[in-house]
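Chain naming follows the written order as A, B, C and D, and within any one chain the residues start at number 1.
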Amino acid sequence: MVRFILTRLASAVPTLILVSVAVFVMMRFIPGDPAALMLGDLAKPGQVEAMRRQMGLDQPLVMQYLIWIGNVLTGDFGQSIANGQKVLPLILDRFAVSSVIVLLAVLVASVIAVPAGMLAAWKQDSLSDISVVATSTILLSIPSFWLGLMLMMIFGLYLGWLPIVGYVPFSRDFGHAALYVILPVVTLVLVESGPIARMARASTIEVSRLEYITHARAKGLSEGAVIWRHAFKNAFAPTLTLIGFVLGSLLSGIAVIETVFTIPGLGRLLVDAIYARDYPIVQGTMLFVAFIYVVVNLIVDLVYPLLDPRVTA
Amino acid sequence: QEQPKTGGTLKVRINADIRATDGINRDANTDTVLHQIFETLVAYRADLTTGPALAESWKISDDGKTYTFTLRDGAVFHNGDAVTSADVKWNWTRRLDPANQWLCIPLFNGSQGLKIEAIDTPDTRTVAFKLNAPNALFLAQLANVQCDSWVASPKNAGADGKWIADSAIGSGPFKLKEWVKGQYIDLQRFDAYKPLKEASSALAGSRQAYVDDVRFMVIPDTAAAETALFAGEIDVLPGLESARVEEAKSRGMTVLSTPGLSWTAILLQTKDPLLSNARIREALAHAVDINQIAAARTNGVATGDPSAVAQASSFFDNDFLKWPEYDPAKAKALLDEAGYKGEPIKIQTNTRYQGMYENAVLMQAMLTAAGFNAQLEVLDWAAQLDNYLAGKFQVQSFGYSARLDPSLMYGVILGDKATDPTAQWDNKEAFELYMKSMGTTDPEQRKTLFKQLHALMIKDVPILGLYYEPSIDAVSPKVKGYTVWPAENTRTWGVWKSE
Amino acid sequence: MIARALRRPGMKFNAVFGIIVTGALIVLAVIGPWIAPYDPLKLDLPARLSGPSAMHLLGADEFGRDVLSRLASGARTSAWIAFATVIFALAVGTVFGVLAGFLRGWVDRIIMMVNDAFLAFPGLLLALGLMAVIGASREGIIVALGLAYMPIVVRVVRAAVMSIREREYVEASRVMGNSEIITMARHVLPNCVAPIIVLATTMFGWIILSESALSFLGLGVPPPAPSWGNMLSTARPYISQAPHLIILPGLCISITLLGINMLGDAVRDWLDPKM
Amino acid sequence: MLSVRSLSISAGPAGKRIVDELSFDLAPGDMLALVGESGSGKTMAARSILGLLPAPLVTTPDSEIRFDGYDLTRLEPKTLRAIRGAQVGMVFQEPMVSLNPAITIGEQMAEGLRLHRRMPRAEIRDRSLAMLERIQIKDPGKCLVAYPHEFSGGMRQRIMLASVMLLKPRLLIADEPTTALDTLVQRDVLDLMTELTRENRTAVLLISHDLGMVSHYVDNVVVMREGKAVEQGNSAEVLHSPRHEYTRRLVDALPKRSAGGSRAASSGDPLIEISNVVIDYPGRRRLFTRTEPKRAVDGVGLTIRRGETLALVGASGSGKTTLGRAIVGLVKPSSGTITFLGKTIANGRSVDARAQRRDMQIVFQDPYSSLDPRQRIADIVAEPLKLDAGMDGRKRTIRVDEIFDEVGLTRELLQRFPHELSGGQRQRVAIARAIARRPAFVVADEPVSALDMTVQKQILLLIRSLQERYGFACLFVSHDLGAVEQVADRVAVMQDGRIVEIGDRDDVFDNPQHPYTRSLLDAAMLIDRRFADGAGAKRAAVQ
């Protein structure tokens, strides 16, 4: 097991290196310069160069890369150009915020959507099936940021029930924190329920066509037992892969929702850092996101055999 | 008006987190927050003259080369230490050390004329600055908000002489309580603060604080910040878009505005093959109705101002509004004369700054109407800034941050394009007039110089000044005693909250 | 086969609705500029932020530009970007997917490694980077989104090729004496078409969504040219003053996506032999 | 005990009748078979007994299925569930998909006992272990915690049977319980089934299309065709002297030894010579390791002569297909040589190899998957001709028409796609493609095992007649000894990658030397020899 995890992580190393090189090169080729951004219209000739020198940006690219990646290997992701904060703690900090929201959203979405999808499949073509399919297709078609704006407009602005912007860490004040994450989480839950419900439905239909389901019925099991004991695990396995995919892509793609609700998460950090050309943060975040992607996939692969013993980890 | 009362928390929006507390790694948000915690010797009044802050009074020697300041009676740092002249000297020694990369070193080391030759500390409350030559702008530069030349306790630095990260022991009316990176900065009223007698005006005079706490909340998104203000989650929204004034008022917010100092301008690359033709530039000037743009952009709050002298400035009079009048027909005629054949003119802009973007859109519409083939090129702000620094543009929609003296604004746009691509106006004669305005202390004489500069500018049309961004803040109706001033920095002293 | 697929009640509705909406989008994209009442870039400052009226049927935006005309012109932008991106991602992705799946070995390993790196690489940065290098433009978005979606195509095509290359008709082609290239072109590729078509329909929807999200973050279609995403994004400050500026483009996106998703479902079921 | 009266099943209330007025009775301890070709409604009839029809299918109101006096078609779902599993057990057609892949064997076996017998855990475990022992699973303890995929098809089918028999049901419905298995395993499972049911006097309803099997094990038989029972009665009588024309056709379709003995046994020069061929499948690549390589063919030497048919038989997994594919160059031998007309067969993708391959063709097992679903039939058959530079489009068309006549297909099929043909037609197309360029050698890899019995017969006859006309040599790979007996000149028997016996057809069948060959023949239940040949002598002995 440990060996498997280690080999999997090792096999991700080339991918991570490729990502790191790509990010590094791309950031340097994008016009715009952190030193200039810092000085703005106050810059005079020479000052930008001096600033670049101070930031170590005057060295050859290859050197810069090697220094950076060397430091990363020793766990030092460097410091933000803009405000000198240490990159790794900053990323972890922001990641904590994003992951709370994403995990919560994906969890709630799965708890709602998987049973709904399975139920729809079991009662295929019934009214409840049609309504589940219609709802999930509609949800699938609504842009998350628009839905977020609409919810914000209704619950924050007109009804005034919920706070609109900002974030309070759960560790500080649980009740308060919960209020702040309701809208973003609800938005994500709604948006992500669509694909998950559809997937759960499709794979349940697939499974329910198989012989062992009939066999379970032939044993005299009740419908409930057939669904729960025989259909669930098998139908859930492919859905799990999708949930893993949603999780992985959300963690890197949450920037939009974080922008709508001004949540200081990882996505926002990345976007702001890109705009500020804060190289160490962009590079660190990208590497981190790629790593998370690898880890999420790994976790899915580790959980999968529990649901489907034919697949060995 | 009701009586000030103490207590409560004032929540102020900033659009990005501050960078540091050392005054060297800075930006506009950093300046705003740190000026609540620290004090400069002298500071700007609302009329842009300099008044007392940490120094309660000062004397200028007859030769105009020595400035002697007396520190405020009873000024103490947040750690309880008294503020001494030695502390002042320590701060200046630190700043003037080139290794520290202070933004404003060139203003004080002689590279732009002014040089501090020595700082003497005759007694604990007296500090004297010796200059190389008399200078009209010395006090203004000491007060310069962006320079952050405030006096901090030497205890902010560790044994190695380096600033301790996030340390902020100042002498201002608020002390730093907590900085949650990326989210907010909490300040707490400093109860041992002894305000000056002089009435509060902008950053100068009394800094009597009333609220218990101030929280600067980081809300990057403008729309979200407005929503937060309307929902009562913040109390002060500095820098309200003028287009949003009506909306804010209709929601019961108090909106305060005053003419500002940030000059919104359209940059013209005079070295561009097409735009090097003065006739074409003149045509451009005739094609653009700066008053209409100003009115549209600021909802009628500001009027057009083509000169480097702001309406808010004490040097301003109507002569500075002279400019080629809006006349599309004349623009067309000039274009024909110049042999313009529809060569494209690209206007660079960005969506990071709504104003620059909207000005570009309006410009494009007006230029098109006057027969130009104008196109928009929307860039990332960082990319546009790169182009600005390298002079790589034909036309760029731009905005200068607040300069509190006209000389400073002329200083930004004047220069030799060969050595300084950020210079917009390459004119020897103008440059000499500008140098003269720096060395002259008599206001009337300086005003005459500025008028001569503007007359030259009308002839050259090196840049298309539009208007000065008005300084507009929206505050919740509970907030009392809040004022705005031409430079946009928010002040949280003198403000209290009613129920 | 179509008739059979259409016989299921849900299916028929899907197909009809999907075809109508997608058809409307295409028609709008083609003739939009002619039927729009105004030039989408024409300013009308007095009408700023006004709601629906006789002059501006769906109101006007912050420059007084006609919202209806902008929506119509945005349809063209969105449709064109989605279309071009799908083609681009499919073209590039199919080539690599087929190569990886058919040749296997080290070619496969290298392609998949690069592909994984692409997958792990947030599309956001890619978009910004390319926009900056190519210049903020439709082409930039097409390339950026194309590259962001390409790895998915590579995966799907590779999986399809790998299952097809094990089929006996591919072996039959080899035994016949056909060269690998002919085998690939004549027997493998045509049989990947079904999964590719399904993917293409789905991707079309994703890309409209991604384009609007990018525009929303300010990384998309550069203004003043309207796209639904950047209309939404520039209207955000006016959310309470002129909610129609937010609601309308969002509705356009949602309805279009709904249509495309339903069409995608219909296509999938139509191509699914199990139906 | 079970009495079915005028059972009709239709697709929807007014839909097509899948089963039409079927009636039969079954007494305790008896065994009844439903036979008939694919699609005749056997499975649906069986499923309807337990009320397990798939969605649109329903039994018509006048149908009656009486079990112990209850009418199963009218029972409450709850009562019906009490009968399912406890009184009536069912074993399904496909062992590979009938066990839940996500649940351990022990769990699946215990499920029924727990539900219907409410036994304590320990007892359930004891009984399961005892049962696993009965069905000869090694290490039953380990088996209980294992998952289905860890077992072979035969073992899975035995486990299925065990888990059903564990509840000692009074009626067992077995729907083609052995079709997916090879003959040796098939017999194991059936023997086990008869043994288990006999002990409890369980009645058995067996569904099959394998007449050999039926005649061997079953007392009574119902012959079905298009949902109707066309003939029913004692199995020996029905099969030996079929009255209905359809039953006769079914019996006729059974493979029989071709008259005249093997041809060309002595004549003909060697066409293909195989010596010492070893084929390993590489293990699967992991990051740092590889799984063990698998040896599929282990030192085979063989000669195929011009114009003869050599049959390759053996149990599943013995390496038959691998060897056949190696000859046509689809698999590369790890060592040893294969020569074609004295020239070593070039491997790989060179032009040389391709040219050589044109003289050798292969007909695959599954007629559907060997035809490109996106090509029209005419193109499929013409494709090999395109490689012949001397053929223009017109000549190709002529040739395609010619082959079409030869394989007995009508020309109107030319413009169709493979899915628009029946299985038999598809296999004819595959054969047409293989012989289009008149190869000297054809590998036929189980060309009929996916087909219906009547169609099987036609295809076997076709291969035989084409071979006579064109004189190509054929390697006929099969595990169906009946088919082999019908077409082969010589027979080679493979076991675990080795050839254990090779000889003339009649020698091998009548006088097997190797014990493995003998057990294969024993298992094959060659019903055809008993009555298709009219060799009545042996008939009585078996029964």
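Criterion: contacts are C-beta pairs under 8 Å (C-beta built on N, C-alpha and C of every residue); 3 or more make two chains touch, one makes a residue touch a chain.
All values derive from a computational prediction rather than experimental measurement.
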Larger contact count among B-C and A-B belongs to A-B
Indicate the whole-number Å distance between the mean C-alpha point of subunit B and the mean C-alpha point of subunit C. 45
Cα centre of subunit A to Cα centre of subunit B, whole Å, reads 40
Roughly how far is subunit A from subunit D, centre to centre by C-alpha average, rounded to an integer in Å? 49
Of all residues in subunit A, which are in touch with two or more distinct other chains? 30-32, 152, 157, 259
Going through subunit B residue by residue, note those that touch at least 2 other chains and give them in order. 221, 227, 230, 352, 380, 383
At which residue positions does subunit C touch at least two other chains? 128, 132, 236, 239-240
By the touch definition up top, name every chain pair that qualifies. A-B, A-C, A-D, B-C, C-D
Complex contact set, residues of subunit A against subunit C: 12, 14-16, 18-19, 22-23, 26-27, 29-32, 125, 130, 133, 137-138, 140-146, 149-150, 152-153, 157, 209, 252-253, 255-256, 259, 267, 270-271, 274, 282, 286, 289-290, 293-294
Complex interface listing, subunit C residues touching subunit D: 167-169, 171-180, 186-187, 190-191, 193
Using the touch definition from the top, list the residues of subunit A that touch subunit D in their complex. 7, 10-11, 124, 210-212, 214-222, 229-230, 233-234, 237, 307-310
Please name which positions on subunit C make contact with subunit B in the complex. 41, 43, 45, 62-63, 128, 131-132, 135-136, 218, 222-224, 234, 236-241
Could you please specify the touching residues of subunit D with respect to subunit A in the complex? 47, 50, 52, 55, 81-86, 89-90, 92-94, 97-103, 111-112, 115-116, 147, 149, 160, 286-288
